[in-house]
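Listed below are the structures to be examined.
In the two complexes that follow, chain A is the common piece, with chain B as its partner first and chain C second.
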Partner chain A sequence: MTWTDIVFWQIVLGGMLRLAAPIFLAALGEMITERAGTLNLGIDGIMTAGAFAAVVFAHMAGWQAGLLGAAAVGACYGALLAVSVIRLGANQIVIGIAISLIGAGLTSYLFQLWQPSGQMAIFVPLTPTWKVPFLSDIPFVGPILFRQNLMTYATFVALVVGIFVLAKTRIGIVLKAVGDDPAGAEMRGVDTALVRYVALTLGGALMGLAGAAITLGVLGAFNDGLTNGRGYVALAVVIIGRWSVPGAFAGALLFSFFESLGLRAQSGMSFVPTELFSILPYAMTLLALALTARAKIAPRSL
Partner chain B sequence: MTGRTTDGVATELARILLGAAVLAAVVAALVWLAGANPLAALRALVHGAFGERYLLAETLVTAVPLAIVGLGVMPALRTGVFTIGSQGQLIAGAALSTAFVFSVPADEPVVLLTVGFMGGVLGGMLYALLPGLLRAYVQVNEILSTLLLNYIAGFALIWLLKGPLAAAAQTATPRSAPLPETSLVPSLLEGTRLHWGAAFVVLLAAGLMVWMRTRSGLLYRVFASNEGLAARLGLSRPRAVVTSFLFAGATAGLAGWLQVAGVAHTLYPSVDGGLGFGGILVAVLGGLRPLGIVLASLMFAALTTGAQGMQMGTSVPAAIAVVTQGLVLLIVAIGLQRKKRTA
Partner chain C sequence: MLVSLKDVDKRFGSISALSGAAIDLERGRIRAIVGENGAGKSTLAKIIAGIVPRDTGEFVLDGAAVGPWSRRQAIAAGIGFVPQALSFVSTLSIVDNHLLAGRGLRLDRAGALSRLQEAAADMDVSLDLTSPVERLSLAGRQLGEIVSAVTAGARILLLDEPTSALGPVEIDRLVRTIRRLAAAGTSVALVTHRIAEVMEGADSLTVLRGGKVILDGTTAGLDTNEVARLMVGDRDRGRATRAAATSEWRRLKVSGLMLRDEDQLILDGISLEVRQGEILAVAGVAGVSQPALAEALAGLRAVNGGRVEIDAIDVTGDPDGSTCLGLAFIPENRADGIVADLTIFENASLFEMGGKAFRRFPGMRDRSAEHDHGKRIIADFDVRPPDPDAIAGGLSGGNQQKLLVGRELARAPGVVVAHGPTQGLDLAAAATIRAALAKAAAAGAAVVVISADLDELLELGHRMIVITNGRIVAEFDLARPVDMTLLGQAMTGLNGMEIAP
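Let's look at the complex of A and B:
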C-alpha cells in the first residue's frame, strides 16, 4: 500500500482522529485552567500518571474503572497544584515543573514496583470500538469517522460540550471573567479562588483522561516515557488554537495528522528515515506556534 | 530591618524543619511501599553517594554537567527568559563535537580537545539561537519552543547515530564509534571517571560571580525589573533575550561535549539522561546564585547516584530520586513564598 492509494489516506485520517484524542483532551484541560487565569505546566507528568492509573485500574476492574481512576488521579494532581499556587502562593511555573517531575517519577516508581523490569508487560483490553450503523457505510468518510474507539467519540462529545459550555452557559462566562478580569469578577460576587480550584481540578482530571486515551485508546499497556512530550504539545495547541475549543481541536489534528502519517508512511516510504517522521509533528507544532504567536489574546490575568 | 530577630530565625528554622519532615515522611512512605526498611534504604543511599572513593567520584561526575547547565541558565532565568531547552542544546553540543572530532584529521590532544570544545559550544549555541530569535522577535513562548525542540533533538540524535555518526561495527542500539583516545578529556582522579571538565564548574561559577558585579551584570538585573530603563542604558529586549539564550546554549553544549569526551567516550542516544532538565532545577533550587547552584547540583547528584546504589542494595527503584527531586522543588517553591509573605 503506497501513498497514492485511497485506502492509505483512509487509514491515515482514521489514525489521526484516534491520536488526536489524548492531545485534545489534555489541551481542553489546560484551556479551562488558563481561562481561569492560572497555568498548569505539569500537564505531561499528569498525563503520564493518568496513563498508568488507567492501566492499573483497567487491569483490576475493566476499562470503566480505568477511565475513572485516570480522571481521579489527574484531579488529585490538579488539586495539588491549585493548593500550592492559590492557597500557598507559590510560583505556578516552578510548581508546574515540580508536578511534571513528580508525575513522571512517581509513575515510573510505582510501575517498577507493579511490574519489576524483565517481567512480561501487562496488557489490558482497549476501550471498545463502536461501528455506528449506516453512517459507517458512507464511502471514504464513514470508516474514518464512525468506526472508532470509544475514546475518539468521547473526544467529539468533549468538543461539542466544551464549545457549548464556554459560549452559552453561565459557567463559561464566569470562567472567562475570572481569567480576564479577576478584580471585576470578585466585585460582582464571584469567588475567584473557588473558580480556580474547580478549573485546575477539572483540568487535571481531563489531563488524566488524556493519558488514559493513550493507554486504553491506543497502546493497551504502559511504558516509561510513553507521552513523548504530548503534554507539552497540548500546551502549545492551546496557544495555537487561541484559547478556543475548536482552535485547540484543530491544533490537535495538526499534530496527530503528521503523527499518523508518520506511522503509516514508514512502511510505504522506506527511503525516508523514520526519525524524520517522528520529528515532523513537533516541527509542525513549532511552526504553527511561530505563525500564530503575534496575536496576543491570552486571558489577561494569565 | 528587624527581620533578623531571634523570633524570625526561629520561625525560619521551624519552616525548614517542617519542609524536611514532610519530605522525609513522603519518601519514607514510598520506600516502605517498596517493601524496604526506610533506615536501611537511607544507609544504602548515603553509601551509594559517598561510601567509597569511586562512588564519591561518580557523584561528582554527575554534579559537573548539572552545575554547568544550571550556571548556564542562571543569567537567562534572572533576565526572565524561561528556557527549558538545555536538554536539546546539550544533545546538539554532544553531536556536533563528536562530528567535529571525527572529521578533523589530527591526532594531537590539544587540537582534538579544542575542536571538541568548540563543537560543543557552537552546537549548543546554534540550537539555542532559534528559540532565542523566536522569543525576541516573534514573541513565541520560549518554554514551549524549547520543550518542542528538546524532542526534535532527541529524534535527530537517533537518526544521526543510525546514519552519519553510526559506529562502523554493527550495534544493537544506535551509537557512535568510540572517540579516539587523543580526543578524550584527561582524568582528574586515577581509577574513577572524574575528569578535568570539573574545572569548568569553578571557572563558570567564579566568572558569573564577577559578572554579577560588573556593569553588564547590573544592566541585566535592571532589565529584569525595569525593561524601559535597561533599554535607555543600552540593553534592548532582543539583545538581552538572545544573549542569555546563547549563553545557556553554549554551556549546555559544553556539558554535552564533556559527557561524551569526558565520561562515556562514545555518543549514545541517552547522552542527556535528564541532565538538561535537572540543571534547570538546580538553578532554581540554588536560588539563581552561583554558589547555591553548585551546592544544589552536588545534592541532586548525590541523590541520583545514591538512589542507584539503593536500587542495587534494596528493592527500591532508582526512580525515587526523580520523585524526591520533584518534591524538593515543590516544597522549596512553597517555602520561599511563605518566607516572602511573612518577611
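Let's look at the complex of A and C:
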C-alpha cells in the first residue's frame, strides 16, 4: 500500500475519525468548563481514570457498563474540582494539576491491584462497529463515515447536540454570560455557582468518556500512560477551536489525521524513523496553536 | 400596597448606608427617591431588587412578610431593576441579555426581538438589539436595559439614575413611557438626583439624607427649591465662576479628525482649537460621537485620519505622549479611571508612584508622601469617607468621581478632557467638580467638557460647539446670550448649517 493508493487514504481517514473521538470528547468537556469561566487542567488524569474505569466495568458487565462507569468516574473528578474551587475557594490551576496527577497515579495503583504485572493482559471487547446499510456502500466516503465504531457515531451525535444546545437553547447564553461577566449574569438572575458546578461535572463526565473512547473504542485493554498526553492536546484544541463546538471538532480532526497518517505511513516508509511520525500530530497541534493564538476570544472571566 | 419597607438598617463595614429607612410602593404610582450621593437611595432600591441583603427591618410584598431575598426571587416576583452601573453582560446583545433573565431552556430570539422592538417603538427610541452591547453607547445601553425591563412585564420597576447618560429628548421619552406604564398599573420607583424630572414625572417622593428618610409625601404642592434644600441640607453650595479667556496660546489643536466604524462615520472631520484658560463645551444628543471624540482626544482610540496636537506636538493615538504633555482625562465611565481594588491614596497617586514627588530613593515608593497627597485630594474634593486607606471600590459613585477628578486636576494639567464629569452626581458634588474645572482653566489649562447636561455646559463654557452625526454643526460664543431656538435646532439635527458665533 502506497501514498498513491486510494485504499491507503480510506484507511487513514477512517482511522482519523476513530482517533478523533477521545480528543473531541475531552475538548468538548473542557470547552464547556471554560465557557463557564472555570478551568480544568486535570483532563489527562481524568481521561486516564475514565479509560481504566471503562475497562473494569466493561470486563464485569459489558461495554454499556464501561461507558457509564467512565462517565461517572469523570463526573466525580469534575465535581471534586468544582467543590474545591467554588465552595472552598481553592486555586483552580493547582487543584487541576493535582487532579491530573491523582488521576494518573491512583489509576496506576488500582491497575496494579486488579491486574498484577506479569499476568496476561485482560482484554475487553470493543464497542460494536455498525455498518450503516446502503450508506456504507458509497464508494470511498461510505467506508470512512459509515463503517465505524459506536464511539465514533457518539462523537458525531455529541457534535450535533453540542452545536444545537449552545446556539439554540438558553444554556448557550447562560454559559457565555457566566464565562464573560459573572457579576452581570448574577444581576440578571443567573445562579453562577450552580452553572459552574454543572459545567465542571458534565465536563468531567465527557473527559471520562474520552478515556473510554481510547480503551473501548481503539485498544481493548488498559496500560499505563495510554493517553500519551491527549488531555493536554484537548486543552490546546479548545484554544485552536476558539471555544466553539465545530472548532473543537476541527482541531481534534487535525490531530487525529496526523496520528492516523503516522500509524499507516510507518509501514510504508521504513526509511523514516518511526519517532518522527509519532511527533507529527503534536508538532502540527503546536503549529496550529501558534497560528491561532492571536485571537482574543477567550471567556473573559477565565 | 405592593411593597412596604419599614425600619430598614444597612451597614457596609463601618459605614451606615441606611438607618430606619421606610418606603411604600403602590400599584400604578410613580415614586421618586431623591438624595445626595451616598444618601442611601441606591442601597434602598437594591434591597427591594434582591441584590443587597438588609441587615434588619421589615419587608412586606403583596401583604406577606419577606425573609431572605435574592435577585432570582425578586425577578420571579416581577421586580424589574435597572441599576446605575447597568447589568447587561457586555458581550451579549440586548436580545440575549433579555433572554438571559428569562427561564427554561427555550430560546425564542425572534419572539423576544419583536417584543423588544415593540417596546422600543412605544418609547420612540431606536436601538441596535442584536449587536453585543459593548458596541453601544452608554445611552443605548441604558435605554436597552429600560426596554428590557419594560418588556419583561415587571409589576414593580426600579430605575436607578435612569437618565444619567440620556439627552433631553430621550429623558422626555422616558418620562412619558414611565407615565404610560404607571397608568397601566405598574409601580415605578425612580432613583434620581434631578429634581426637575421628579416634579414632572412622579406622584410621590421620598427624600433621603445620610441614610434617613427626611421627607415622605406627594409631589403635589411641593416647591423645587424646598426639595433641593432638603436634599442638600443647609450647606454652602460653591459656584463656578467664569474668567474670560484672553490668551492666544492654542494648547489643544485638533484638525480633520476622522473615525469610521464599518459604514458609519463616527467622527467626520472634527477640527477645533482650545486656547490657554479656555473651556470648550461640547454638546450634542448622546450617541457614539461623544465617547469617540473624548477617547480620540486622549489618544485612547485609533482614528482613521486627522491630528491631535498638544502644545504643537503631535500626540494622535499616543496616550503616553499626551499624558507626558500634561493631559488630564476624565472618562465617561469612572470604572475606566479608578482602580476599584486599590485604596483612595493609591488611586490618587496612581500615575506618579515612584515619581519625583513620591519617592525618597529612586525606584522606591514613598507611602507617606502618597498618603499626604491622598489626604489633600480628600480635603479639596470632600471625598467621603475621608479615609485615605479606604478601598476605592467601596465608595459611592459620586465619591469615586470626586476622587477621579481630584487626581486628574491635581497634576496641574495643560489640557483637560472631561466627559460627563458630573454625571449621576448630586448638586454639591457637581458644583465642587465644576468649580475645580473652572479653576484648572483659570490656572492656564485648555479644557474640553463633553456633557449631556446642557445647563452644565452653559454654566462652564466660554465657547460651545454642537456635534451631530459626527460633525460640528454649530458654534456659540457663551459670553453672549445664546439663542436657545438655534441651539435646540442644532442639537436635534434640524439645522445642518454652520452658525457663526
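Just so we're on the same page, the second predicted complex is superposed on the first by the 302 of 302 C-alpha atoms of A that agree within 3 Å, B and C clash if a C-alpha of one lies under 4 Å from a C-alpha of the other, contacts with A are read in each partner's own complex, and residues count from 1 in each chain.
Keep this in mind: contacts are C-beta pairs under 8 Å (C-beta built on N, C-alpha and C of every residue); 3 or more make two chains touch, one makes a residue touch a chain.
Note that the structure is predicted; figures quoted are calculated from it, not measured.
Following the overlay on chain A, a side-by-side fit with no clash is recorded for the pair chain B and chain C.
When the two complexes are superposed, the chain touching more residues of chain A, out of chain B and chain C, is B.
Judged by the touch definition given at the top, the superposed model places A:31 against neither chain B nor chain C. Of the two partner chains, chain B is the only one that A:112 touches; chain C does not reach it.
Of the two partner chains placed around the shared chain by superposition, chain C is the only one that A:173 touches, whereas chain B remains out of contact. Applying the stated contact rule after C-alpha superposition, one finds that A:300 touches chain C and leaves chain B untouched.
In the superposed model, A:185 lies in contact with chain C only, and not with chain B. Residue contacts after overlaying the shared chain place A:84 against chain B, while chain C stays out of touching range. Within the superposed three-chain model, A:150 lies out of touch with both chain B and chain C [touch as defined at top].
The gap separating chain B from chain C in the superposed three-chain model is 7 Å, by closest C-alpha atoms.
Considering their complex, residues 51, 71-72, 75, 81, 83, 87-92, 96-97, 99-102, 104-107 of chain C touch chain A. Note for the complex: chain A touches chain B at residues 41, 84, 88-91, 93-95, 97-106, 108-109, 112-113, 228-229, 232-233, 235-236, 239, 273, 275-276, 278-279, 282-283, 285-286, 289-290, 293-294, 296.
Against chain A, the residues of chain B that register as touching in their complex are 30, 33-34, 82, 84, 134, 138-141, 143-145, 147-152, 155-156, 158-159, 162-163, 277, 280-281, 284, 317, 319-327, 329-330, 333-334, 336-338, 341. The part of chain A that touches chain C in the complex is made up of residues 168-174, 176-177, 180-181, 184-191, 300.
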